[in-house]
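Next come two complexes, and both contain subunit A; in the first it sits with subunit B, in the second with subunit C.
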Partner chain A sequence: MFFFILINNNSNKMFFLFIMFFSTLISISSNSWFGCWIGLEINLLSFIPLISNSKNLLSVETSLKYFLTQSLASINFLFMILIKFSLLKNFNMNNIISIMMNSSLLMKMGSAPFHFWFPNIVEGLSWMNNFMLMTWQKISPMILLSYYFNKNFLIFMIIMNLIIGSLGGLNQTSLRKLLAFSSINNLGWMIFSIMISENLWLFYFLIYSMMIFMMISLFFLMNMYFMNQLFINNMNFFIKLNLLINFLSLGGLPPFMGFMPKWIIIKFLLINKFYFLTFIFMMTSLIIIYYYIRIIYSSFMFNYFKMKWMNLLMKNNMLLINLSSFISISSMILSTFIFM
Partner chain B sequence: MCFNSFFFLFFFMLINFFFFVYFIMNGLSVFFEWEIISFNSMSIVMSILLDWMSLLFMMFVSLISSVVIFYSKSYMNSELNLNRLIILVLMFVFSMVLLIISPNLISILLGWDGLGLISYCLVIYYQNLKSYNAGMLTALSNRIGDVMILMVICWIMNYGSWNYIFYFDFMKNDYVMFIISFMIIIAAMTKSAQIPFSSWLPAAMAAPTPVSALVHSSTLVTAGVYLLIRFNYLLIDMFFFKVLLFLSILTMFMSGISANYEFDLKKIIALSTLSQLGLMMSILSLGFPDIAFFHLLTHAMFKALLFMCAGVIIHMMNDIQDIRYMGGLSLYIPLTSLCLNISNLSLCGIPFLSGFYSKDLILEMVSFNSFNLMVFILFYLSTGLTVFYTFRLIMYVMISDFNLMMIYNLYDEDYIMLNSMFVLLFMSLLSGSFLSWFIFFYPYMIYLPFNLKLMVIYVSILGSILGFMVSNMGIYSLNKLLLSYNLSSFLCLMWFMPNLSTYGLSYIYLNFSQILFKNIDMGWSEIYSGKGIFNILKNYSVFYNIYQMNNFKIYLFSFILWFMILFIFFFI
Partner chain C sequence: MMKFLFMMIFMIPLCFMKNMFWLVQMMLFFMMFLFMNLNLNIMCFFNMSYMSYCDIISFGLILLSIWICSLMIMASESLFKLNFYFNFFLFNVIFLLIMLYLTFSVLNLLLFYFFFEASLIPTLLLIIGWGYQPERIQAGMYLLFYTLFGSLPLLMGIIYIFNDLNTMTIYFLKFFNMNMYLLYISMIFAFLVKMPMYFVHLWLPKAHVEAPVSGSMILAGIMLKLGGYGLLRVMIFLQEVNLKLNYIWIIISLVGGLFISMKCFCQVDMKSLIAYSSVAHMSMVIGGIMVMNYWGFIGSYILMISHGLCSSGMFCLANINYERLHSRSLYINSGMMNFMPSMSLWWFLLLSSNMAAPPSLNLLGEISLINSLVSWSNISMILLMMISFFSAGYSLYLYSYIQHGKYFQGLYSFYVWFISWVFIIIFALISFKYDNFKGWFYFYLILNKK
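The block that comes next holds the complex of A and B.
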């Protein structure tokens, strides 16, 4: 369903969507760095038609911004590949070349010190495009990162991600920017998980995409872009409940699904004696939870005495919403059977 | 409900009476033990000890409670929840019976806690703020005793069982027994309202009058005395008994003085109960438990009667309890006045009423066993004070003019109340002599000089003269008490004990907690935990958003700059 929403029943967009998927596959399954680079370029060029909408001035600007940042990162990536080919004879991970290659990949995925484009662009996209940006577009840079990375540099970048992701969202009122900063924070977790193992990353990434999909589809269906819209609308109780559950799940509160990958990563951190890093991980996710709770504050209250001026006439879509929050609640419990 | 309960309790009384006669005639005592659970050689048992003492006490309790229930049929006539009152009184009597018959600490606790809980329910029966406060004071004061009993249960576990009567002989000098006796004495002092804990007893006057008649005569307040009577083999010649002696004499003295300052009819009677309790406790701590028990029983009779008379008077006076409004009642309600006078004179120890037998015996035993001057003086002084406030009460209530209103409705034909009072009138006339024949197998031999023998008469005459004079004081002379305001407020407020046990306990902590709340909860911890962290994070976030507000070009340039720096590092 969601793909049809994304491509808006437009055959051209359908075409670009497939190209985008396949470009990612090209990039992550390629044998050489050039293949990777080609995949990244195709990905960029197929994503821009998806997000651009000639009727909307903002989206044109956004697609231009996206193009500029991605192409800048791609240029540097290509440049570093060439330098690496020509200068480095042996396979050495911890050198400046790896830092530079990682920097360009981090720029591509919108990771912390190079993330400044990310909230800007997110603000100009529709919800479903945001979903693509926050999930699918991060696959290929992250997989490529796992092939060749500088450990110390990346740990530093993880800390930057965590702190900037948590602090940046604190003052936001726009839901899209909030989710952008939360995705920056989650990027820290994901980069760490990909440093440990690809399976762990896959696990984290899948669950994160699932949660973010629930959130985004809810906001998309309710047509909400700012925080006060949640407060002034009269919502169906079940929608409120689903919003609450999914946000707590995204924040990583224990009984819900979102806690599980975080739990596993924290366990890995503690096994590998990254105590200080664990501290930062946990404290920043606390801040994240704080601003999630602020969003669903009105849903938390038994009696919320503020006047509500609008009625949100939305039916409770059983399949999408209830099922997804059922997954959020139960999958943590069900997963114990999987990992038994 | 009333009549059923009355008949039930009355027959229970008769059964107890016959068993008492049988047991005391044959010198029997029966001990049942039902083992409830046993583990690790500790057995929790429900034990029942029936001897003449417990049977006699049960007889008195059931007699008074039956009469009180009968009385409350009329006294609480238009009460909607009368059944609740009756049920509570029945449960109260039941827990008192549990306390009386069991020599086992765990099963004593059952009755002991039941008394505390149900006395709370009875005091708050009228459901207003005053009775709520009084009930809370009562319950919490008694709770100290409950805690002490609980701790005694813990300590006595060292001996392997909770039947304390088995350990009196050979464990007397044990250190643990020392602690146990201390705790038992504290518990008994809370129940019997001895001096640090005595503020609850006048406060408990918020209960309905029949309940006061029951609670303050034979059940709740005498539970502590009864416990100490049971424990007295252990406690005799111990240090704590000397402390208890002083405290109980002071209680007697204090309440005697306070009763003289008091104008509330029920409170005067309550304070006289307190003074009689002090008398019982003191004679007990001098080492005469049987005399203490004797006085307990006679006192129960005339004090219940006194309260019931007071209830009748309160009924007739449109619920006014202030004795200044009364006066000349003997002209209007002769039968009630008869009961009131007999019980009052019995309280004073006028010869051949029931109080005489016990009280005279107590005072002569005090004179006979040479104790120190302070004990002696306080004993006789408080006896004089008893007569003092009794005569003051009689003068205020019985003599002179009726002071309430032009229109009044004094009647003496409520025969439900009067009949129940006559039973107790009979008992308070006769129970002294009949008990002294029953329970003393041989009379106490007392040999005193003539003046010392007549000392009781002297102080009584002095007290009655003083009471007469005080009751004739006009408002002009009464206001002279304001000249010694500090002294008179000290004396009439029971030596500030109600304040000490309410404000005195809570003031410091409330003040301290307010300071803590202000400084910690709303101050430092707010700055350094919740609000402070939020402010820090918010400021960081604002600081970060300054970066986020830049031109898009600058972001791209910063990335290129980063690459430049890396290149420089790479080629160095």
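The block that comes next holds the complex of A and C.
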């Protein structure tokens, strides 16, 4: 089902979809920087056809913007690996080269100081493309980042990510932009986790993508793009509950699953004695929770003045979403029992 | 302890059946009586199983929370009558009860944090979901962000302790002495916000005013005690640094308690008056915990229990008036003695125990707290005197405004009495008397053993 939604029932897109998956695998499994670069390029060229949608006027502009930013980043990346190849020996580290390489990769994944394309492009994509952009497209730059990074630079970038991701979403009304800023914030957590270990990153990334998948599929099924739509639609009680639980889970509040990766990353932060950084992590996640709760006001309040004529005729027959929100509630509690 | 946990977990399917409202409530009562007869050991922890245990502090607070939860269901009978998502309400209460139960009984500091935070979500849902005015969103945000702002550093502190000591078992923490200022602040600030201490109390009156009766009862009854419980637990390894810094918290809370007591006289909303009065009482509890002597320990424990009973009872009574008159204003609620003469007895009993008049458990707690604080500093006598005096004052103010005087002329029709309220009152009476006797008895036992 998921694939068919993703490719918009267009079998030509199936090809590009698989190329996209394949290209990520190329870039994360190649053993030379050049192979990585090739994987990134194929990835870019296969994602652009997936964006295109004849019903959406913005899709052309979006694909152009995406192409420009990504190819800029790729050119930088290529330039830097060539310079690295010609100037440095194999295992040499150099501050400037590593910073340049890292920043091109950060631009590829839409990290904070190079994030300006990200909320714009997100506006022009459908929900499922958004999902791909926020999860799958981040894999290869992030894995490449873990091969060769400058620690101090990345910590600075993490702080930028956290602050921009949390403050940027404060005044938004578009759900896609909100999720984009939240993904920028989560990128801070992910970059930190990939500095510690790949397994930790995998754990955070999987749980994050699962949570974001629940939300995005819910919004996709309900056709919601802006915050006021949540108020004018007469939602089923259980759908409201799912929305509520998933957002609180994404915010990392304790009884839900989203707390677990955050807790473990905080543990690693404190083991590595990043006390001040931990404080920033926590306080920005507080702001994140604030705007998540702004989204779910309508589900928090069981009764408010509704416009009765906007009945959303959707039954709660979405087994997938119910199941996932059940996981979101219970997995944390069950896992505490298991680990004790 | 697992048996009660399983009893609560298996009560969850019952919540979603039709017409099981009173059955769930009765099961909670039943569980409370089962729990009450748990084998009790005064000096040590007992009933340790799997990951939870119970000592005298947890025992009392768990008993209180089961009791308050069942009374909450009883008091919000109108949800059942109006069919206002009462199934989900029951689930919410049971979930909250499970979280509270685990908070009070877990053995591990991190799990304590986890359940401490987890109990916030159902409370928030109670306030925002079943509250009345649109302002309840603001109240809920205040509640959430005040407490989260305090408790995120608590998580840092707990993990720091784990990295440092390689244990998070609460019982073992008494063998350590962590003499660090930042750790101290991060460990106690969450609890001070939750209590609430004077400067960070703003969320409490807001939340109380907007909450439905069940939300108010659980807030005043248990949520404030979570802070006290946490302080009692973490003080044990922060003794040395606390001796240096405790004067800050004691002074803030005592002076703040005085200010808050005076502010009570300016209230015209019954619920916000009761909310402010509970801030004033909690200030004495903070003082008693922070001076760290035996009187303070016992006194704060006893005052937490007794305040949980009497303030949630007062919120229930305020809601009874509110459901009759659809207003909580003191001017509209005046002269109720003409309509509900037997209710005025309950107002009298609960308010007299709120002002710590003799037969109540509050008196015991306040005597111990006054002892502890006076032994700490003589100057605190002045503040304590004023707080005690004013607490009697605003209790009388509330009582005389509601019960005496002329009734509101605009009252059109007014129905007086439901049979279920008789039950509530009878149960409240039982708890009131029972807890008084039991409380004094334990106090006697503890003092003698010492």
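Keep in mind that, in the parts below, the second predicted complex is superposed on the first by the 320 of 340 C-alpha atoms of A that agree within 3 Å, B and C clash if a C-alpha of one lies under 4 Å from a C-alpha of the other, contacts with A are read in each partner's own complex, and residues count from 1 in each chain.
We take it that contacts are C-beta pairs under 8 Å (C-beta built on N, C-alpha and C of every residue); 3 or more make two chains touch, one makes a residue touch a chain.
The shown structure was predicted, so the numbers you read here are calculated from the model rather than taken from an experiment.
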Practice prompt. Once the two structures are overlaid on subunit A, check if subunit B and subunit C clash or fit side by side.
Written response: clash
Worksheet item: For A:Leu248, is the partner it touches subunit B (first), subunit C (second), both, or none of the two (neither)?
Response: second
Discussion item. Taking the superposition on A as described, I'd like to know which of subunit B and subunit C A:Trp263 touches: first, second, both or neither.
Written reply: second
Discussion item. After the superposition on A, what does A:Trp117 contact: first (subunit B), second (subunit C), both or neither?
Written reply: first
Discussion item. With both complexes overlaid on chain A, does A:Gly168 touch subunit B (first), subunit C (second), both or neither?
Written reply: first
Worksheet item: Just subunit B (first), just subunit C (second), both, or neither: which does A:Asn76 touch?
Response: first
Discussion item. Out of 510-518, 528-536 or 564-572, where does subunit B collide with subunit C after the chain A superposition?
Written reply: 510-518
Worksheet item: Which residues of subunit C touch subunit A in the complex?
Response: 50-51, 84-85, 88, 99, 108, 111, 113-115, 117-118, 120-121, 124-125, 128-130, 134, 136-137, 140-141, 144-145, 148-149, 152-153, 155-156, 159-160, 162-163
Item to complete: Spell out the residues on subunit A that touch subunit C in their complex, using ranges where they run on.
Response: 237, 241, 248, 253-255, 259, 263, 266-267, 270-271, 275, 278-279, 282-283, 285-286, 289-290, 293, 297, 300-304, 336-337, 340
Response to the item:
Listed in rising order, subunit B residues that touch subunit A in their complex are 537-538, 540-542, 544-545, 547-548, 550, 552, 555-556, 558-560, 562-563, 566-567, 569-570
Discussion item. Which residues of subunit A touch subunit B once you look at their complex with the stated criterion?
Written reply: 65, 68-69, 72-73, 76, 96-97, 99-100, 103, 107, 113-114, 116-117, 119-120, 164, 167-171, 287
